[in-house]
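Order of writing sets the labels: A, B, C and D. Residues in every chain begin at 1.
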Amino acid sequence: MRFALDAGQREFARSLDAMLTAADTLAVTRAWGAGDHAPGRAVWQRLADAGVFALAVPQEYEGLGPLPAETAVAFVELGRHAVAGPAVETVAAAALLSRLAALGETASAERFLPALASGGTSATLTLPDGGPYAVDPHVADIVLAVDEAGLRLAPGHARVRRSLDPARRLAAPLPGGEPLAKGPSVTEAARHATRWAALATAAQSLGVGLALLDRTVAHVRQRTQFGAPIGSFQAVKHRLADVLVALEFARPLVFGAALTMAPGDVAAAKVATSDAAYGAARAALQLHGAIGYTAEFDLALWLTRARVLRSAYGGPGLWRGRVVTAWE
Amino acid sequence: MDLDFTAEERAFGQRARAWLAAHVPAAPLPSLETEAGFAAHREWERELAADRWSAVSWPEEYGGQGAGLVKWLLFEEEYHAAGAPGRVSQNGISLLAPTLFDHGTAEQRARVLPAMATGEVIWAQAWSEPEAGSDLASLRSTARRTAGGWLLGGQKAWSSRAAFADRAFGLFRREPYEAGAGASGPGRDGAPASPEPHQGLVYLMFSLRADGVTVRPVGRLDGRPAFAEIFLDDVFVPDEDVIGEPGQGWRIAMSTTGNERGLTLRSPGRFLATADRLARRWRAQGDPQDTALRDRVADAVIGARAYELFTWASASRLAAGETLGAESSLNKVFWSEHDIATHETALDLLGAEGELTDGGGGADGGGGGAAGPAYDWLDGYVFSLAGTIYAGTNEIQRDIIAERLLGLPKGRR
Amino acid sequence: MRFALDAGQREFARSLDAMLTAADTLAVTRAWGAGDHAPGRAVWQRLADAGVFALAVPQEYEGLGPLPAETAVAFVELGRHAVAGPAVETVAAAALLSRLAALGETASAERFLPALASGGTSATLTLPDGGPYAVDPHVADIVLAVDEAGLRLAPGHARVRRSLDPARRLAAPLPGGEPLAKGPSVTEAARHATRWAALATAAQSLGVGLALLDRTVAHVRQRTQFGAPIGSFQAVKHRLADVLVALEFARPLVFGAALTMAPGDVAAAKVATSDAAYGAARAALQLHGAIGYTAEFDLALWLTRARVLRSAYGGPGLWRGRVVTAWE
Amino acid sequence: MDLDFTAEERAFGQRARAWLAAHVPAAPLPSLETEAGFAAHREWERELAADRWSAVSWPEEYGGQGAGLVKWLLFEEEYHAAGAPGRVSQNGISLLAPTLFDHGTAEQRARVLPAMATGEVIWAQAWSEPEAGSDLASLRSTARRTAGGWLLGGQKAWSSRAAFADRAFGLFRREPYEAGAGASGPGRDGAPASPEPHQGLVYLMFSLRADGVTVRPVGRLDGRPAFAEIFLDDVFVPDEDVIGEPGQGWRIAMSTTGNERGLTLRSPGRFLATADRLARRWRAQGDPQDTALRDRVADAVIGARAYELFTWASASRLAAGETLGAESSLNKVFWSEHDIATHETALDLLGAEGELTDGGGGADGGGGGAAGPAYDWLDGYVFSLAGTIYAGTNEIQRDIIAERLLGLPKGRR
């Protein structure tokens, strides 16, 4: 039993952190939201080169995985750096196709997985109970949709909608398109993909919450009101202490879920990280005051993302239900 | 003890309802944060004013109906229930006008109020500065004495309506320091530089079109323009636009922020209308089995009703000649947190639709029919998030409640 | 519109307060819990002499009512002074029989209401959806039970159970006994009685919360830790500020419900006072520290009552449901 | 990174489970706050000790199994899952023993620990005083130097187990003051009387049966006896019962309260077993449609799992040679609030049964079968309410978290 990141995992996190810091991801994310995807694609390729997308792809399809713990490590960093784009969706698509392959349906895996792992292809998707919209389908290279009829490659997407998160667009996949698989194996693969989507979202939320706390701690140490740094006021201290408690107890749930991939553990991680990140966002906004409320201040990138990740792939109610009632 | 209205009050409410039914635009106006929307909202103010509905509680000579508090509250309830447009004149009517009634000259009232009532002049508030949020005593913008008036310098921030408004009002640090006024130099290091940082402030009105004024719009969290920064470079303000005694601005402003934090800013009407919309949407599209969400909808309804009844109790106390002091801090904490919780519930009810900022209305906007388009909820949510911050953060309100209402000892915060 | 207690109501509250203070109700309540009911009966008679129980009884049955607002005034005082005994139940029984009489079934009203009003008879009861237990049936003079068969005078009660509230006993009415009424009029009268029970419970909860806050404010002003009164610490201030906010916004719901007796208003008052009083109890206990945790310290009387009133006549979930879904 | 146990660890856990299955009494023991119940729990300690299960982490020479942290945690999980009795030796094993291992003499360990392990001597803690709750520095009880030992005077409060325990341990203010020890006079006015109030304290053990000791049991909120006041009037304590250097008691005690606040007091086993009981009761009698309650049950399950995993992470860090400092404050805040919320949920699930303090078990006790009698939940609820108060209130823990983990500036609290 050694429930701590090992040296390789820590180094992986450090190198992603350094790469994303150097890439100025905040500016890249703002550009992505403004419709300039080129810098974001460049970051995407660097993430792929670092192996991020290969972690969800089995070795027989030119991946490194499946390695859920390392995936969680990576998505914490993506959250901390507010990286834009359908990264969770690409990982979930990889999980979906991998599980289909394990169930004997190898064609789509052979066709798509190597490019997903290498970064050559980005994917987005819709999953049962995950809502009608796919993330960034106007940028993703492939749009997958799972519904009663099975899995299909959607021929495009409906009108692109803006999200509270300025770097995020949503649209429903268009009906029709090329059928890829059907039957019970799709159902099972979709459940598997939902677990991966939830895990990656949970890890990302944790990273978002940590970034919000970091920025807020820095702010309250230097912001002076009534002649003292506001971080010396007990109300401020206690609010941030509660944020830290929530994040630090959500963290082991994320990595525990990655190790077991048990449905209840994944659900617990999704719920706890959603609540912790959203609590961090509410505290961050309150303690920043008006400056935090503006779109141009970088904090907004994490504030809005904490909110939207809460309902991504189903809201807290759905996932709390999955903690106490069986789901596969 | 009763909750009954007089025949005259009921008639007033019915008259308001009838007028609103006949005049409220069928389609929502464009956002008042756009130039076209601002103009449309200004036109709506003119329409209201034409029948004396824009400032019902003012004396008739300034364009009002001389309505008392009860009537004003009834009007507000009808106004929000009718889904009428947002009030672009809100800052002027709720913040500046009460100050002019208390501290302005007759000439100022005659000059300012009628044009405010008609929307001919729209006012922005210019309270805050980058380094002075809730701590107004640390203001740095200055008013320098010059012949026949004052020259403004510095920067104001988070000015709502400033992007398109005509004029603004705010506090400035008087320069040079005059001992007689108890003024002190500005606190350049962010901390108050003198034992009397509240002294020596000038409360004045100025034109946003004047030479030396630069306005930079700033977007709120969802990117919508919401307020602006105002840069002031030797902006001349004539003496006639100073309110009250120069140097006494702090005291004068406190009576205004008293209004801002008190009854007048947040009438129950909006919360009642919002809770009603939420309950209707829940009945229309909520899962009746989902008691977790149902309980939160119930809390929204309970909170709105509590706020309404609390307000009637306050109105009754005022009518009996009592005054409201620190109680307004209870008010502020309650409505601001109620408002956020209500909108969070609505977003959770909307699920995947809840994060969409475009469209609204129609099938792809989340529908909802009479309950309004989905984006109204996200818009309201973002708006609500500011409520616990402005007009004195809720942290400061809780300090006030503890010290002034509960009598707990002052401590360093 | 004058939504404030009038002079008569204020004087009524003042006189009850003075009478209950003089009666040393805390000692009386402890004695009640220890099985010595004589002092409690004496207080009961004084409450009756002050008109408290007559408020729910119509004038044609020798009462003063129905006067729900004055009843609420009285029950706030009962809560503040931690008065023991089936007072809510007696008022609810009076409301039940009054409504039956209004529906034409006058026999039980004539038989019981005058004595309920005068204090000669105390009552306890069970109501639909109010749980299986009656409060203090071992002391009450009559035990009423409403069930599918109608209203009956229960012949006694099952084993008497102890409550967390040391002054409260609970027992289920025994089956059988004398039938008093049946049919739809019982159903309607029981709903009416439930509204009165909820209103009186809400008012009592408000009083309990106010007493808890008063005592806690006094405590934190004098209790010193780390060289300062703990009431000067911002965390303490803010917690008590929140308690005051909750109580002061529950208060108008109680009196608004008394004026309208509308189902939704009564439900709102029940929910808000339950939450506010329980929040006050949690804060009071936390800020008193260990001394507040002992049964012998008087605070315990209110702490435990705030908890049990929360679930009296149905818990917060039941009443929240009644806020948003129709009930009569 | 893994959550796997070695074959030896798994075998240890299986051995514990098998032993517990064979030995845990079928019917609950009487309350350990009664004389008979105390005796029964003491007997249970003897039974545990007979097979070296009473203090598994101690070295074998003192009656333990030399189990490491992982094995101890596995044991605790099995212990609570088995529904085994409460530990009447808890104070001694988790508070006094670690201090003796760190600061005691070999003679003290040999004399105290084996009798503690067997339950022959049951220990009460005597930390708090009426005027010194979380502020241990304001202790007033004294230890006056006398020939061959010390004479204790004063009063201790909130001593759990003291009503029937044999011995107690605590801190006393050394008298007379000795400059060399940096001691100060007691703070008679409630405020520390010297700049070094932590100095000059003596950590010692004393008999509750000694001359001059009066113990007064005190009931907790539900009337159950829970702790006691200890009045001390010239109680003689020989030098051999002083732990560490007289005057250094504060430093020594801090290492103990570090244990109290840290891992050892609240193993995840209890929370896991409680959450599991709650989930089973909910499945058995909850309304599956009632998502409001379901969500709270889910939170109980999530919180227990989070605490378990957090503990494994802490254990892994300790195993890697790291130390835990202020992190234990995170721990304290989390488990104490989790515990209250879990029990509140259970009481709401029980509805009208939730307030009953008698009976329990059987049909009229709320039933529940394997999920245990209803009163267990109220009992656990009352117990949980103390968790946010003792061992340093959660307010103090949040100060520690903010200052030591987040690096926020110290302020006056």
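Heads up, the rule we're going with is that a residue touches a chain if its C-beta (ideal position, glycine included) is under 8 Å from a C-beta of that chain, and two chains touch if they have at least 3 such contacts.
Just so we're clear, the structure is a prediction, and the values are computed from it rather than from any experiment.
A centroid comparison over C-alpha atoms places C as the chain most distant from chain A. Across B-C and C-D, it is B-C that has more C-beta pairs touching. One inter-chain figure worth recording: chain B and chain C are separated by 40 Å, centre to centre, where each centre is the mean of the chain's CA atoms. Distance between chain A and chain B, defined via averaged C-alpha coordinates, is recorded as 38 Å. Once the centre of each chain is set as its mean CA position, chain A and chain C turn out to be 51 Å apart.
Along chain A, residues 228, 232-236, 238, 316-317 each make contact with two or more other chains. Those residues of chain B in touch with two or more other chains are numbered 290-295, 395, 398, 411-413. Contact residues of chain B toward chain C in the complex are 1-6, 9, 70, 279, 282-283, 288, 291, 294-295, 297-299, 301-303, 305-307, 309-310, 312-313, 315-317, 319-320, 330, 333-334, 395, 397-399, 401-403, 405-411, 413. Residues 233-235, 238 of chain A are the ones that touch chain C when the two sit in their complex. Considering their complex, residues 131-133, 158-159, 161-166, 168, 170, 224-228, 232-236, 285-286, 289-291, 293-296, 300, 303-304, 307-308, 311, 315-317 of chain A touch chain B. Residues of chain D touching chain C in their complex: 128, 130-131, 133-135, 138, 157-158, 190-192, 218-223, 226, 290, 292-293, 347-348, 351-352, 354-359, 364, 378, 382, 385-386, 388-390, 393-395, 398, 412-413. By the touch criterion stated above, chain D contacts chain B in their complex at residues 289-295, 411-412.
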